[in-house]
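Going in written order, the chains are labelled A, B and C, and every chain counts its residues from 1.
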Amino acid sequence: MRIYQDQLEVRTHGKGLYEITGEVQSRVDRARAQNGTVTVFVQHTSCSIVIMENADPTARRDLEEFFERLVPEDADYFTHDSEGSDDMPSHIRMVLTRTSETIPIMDGKIQLGTWQGIFVFEHRRAPHSRRVFVTTIGE
Amino acid sequence: MRIYQDQLEVRTHGKGLYEITGEVQSRVDRARAQNGTVTVFVQHTSCSIVIMENADPTARRDLEEFFERLVPEDADYFTHDSEGSDDMPSHIRMVLTRTSETIPIMDGKIQLGTWQGIFVFEHRRAPHSRRVFVTTIGE
Amino acid sequence: MRIYQDQLEVRTHGKGLYEITGEVQSRVDRARAQNGTVTVFVQHTSCSIVIMENADPTARRDLEEFFERLVPEDADYFTHDSEGSDDMPSHIRMVLTRTSETIPIMDGKIQLGTWQGIFVFEHRRAPHSRRVFVTTIGE
């Protein structure tokens, strides 16, 4: 059994979902692991890792709209706003979603369901470069 | 150290929590791992894996009611509704909960707390067959 | 590749975030793993593990206030209240956040981003002793 570690850089340009399924699979390919797991971890507190429906873009837009309403930018009780009105909501949206996901690998392929994709969920308005750490453990 | 992979099929009949703690432990038993971790991953975008209080059924009913109110089926801004009114809410409820959990194993037993159980959280009304991938890594 | 398992006991005194980043790193140090992952798992259903911004305490206070409002203690439809008004909200807040996180290790260090810390998120008012299981897999 071996460990293989790699990093992705994901450039985002505003709030929304950015698919990284192909990049994760390519790191698993390099690891040459036939069976095991891959852990995807994002090194930030203002974006998330989520697994989401990857076929219909309207599903992603509705998801984004839901989070806009659940964690509004203009909540009057927020005191942490030094970086702007999207700062505190970005941390809350991150906590409500995920920082890591661990996905099984079999026969060299990540075992996602038919409609599952892996996404970086960006919660900030401005462009960012996001680091994603990919750890494959397998044999 | 070894990897052991298995799948569960969980038949659901409507929204709610379906406990799979015993099935996960039985896969760990087959893996004959004394120490390590087990990762439970559900291969769908309209149901979740959650760890929840497994003693009192009223806690589960209150949880289900909370999610009905937090992500209502009749939100007027949803555009992704081709599969019915429970389609888009199911994706959102999944993103707000979890697709995978990684649980420690010691002395051959999954190390849940006294009141913890592992559940598939079904978000669709219609009956479904849900695939859960169970990966044991241990020695 | 080896597995190293350890437990932390975290004493909480009311709702809020309690940082355990240093304790997790110290367990990784003891494991003498240079590369791999560490899985942090909390063995309770009324508190969570979250990764959160660890620089500015106002961010944590705003997060706590958000959860007070999202899952109020006085929801009239709760039936699971035998342990008091903070009982059912604690389970819901736990399901909305996380029970485990898996963090990469490289060169012997957990690979958190600049602003990331690992926290126990306590959802109960009364003091509690919380058990956190730390599993290092690495080489």
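The criterion applied here is as follows: a residue touches a chain if its C-beta (ideal position, glycine included) is under 8 Å from a C-beta of that chain, and two chains touch if they have at least 3 such contacts.
None of these values were measured; they are calculated from a predicted model.
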## Note on the structure
Given over half shared residue numbers means same and under half means different, the subunit B/subunit C interface is different
#### Entry: subunit A on subunit B, rotation in degrees - Cα superposition, rounded to nearest 5
120
### Centre distance in Å when subunit B and subunit C are each reduced to the mean of their C-alpha atoms
20
### Task
Two or more other chains in contact with one residue: find those residues in subunit A.
1, 70, 96, 98, 102, 137
### Task
Using the touch rule from the top, collect the residues of subunit C that touch subunit A in their complex.
1, 35-37, 50-53, 56, 58-59, 61-63, 65-66, 70, 96-98, 101-104, 106, 111-113, 115-116, 137-139
### Query
Which of the residues in subunit B come into contact with subunit A in the complex?
1-3, 5, 39, 41-45, 70-71, 75, 77-80, 82, 88, 91-92, 94-96, 98-100, 102, 131, 133, 135, 137
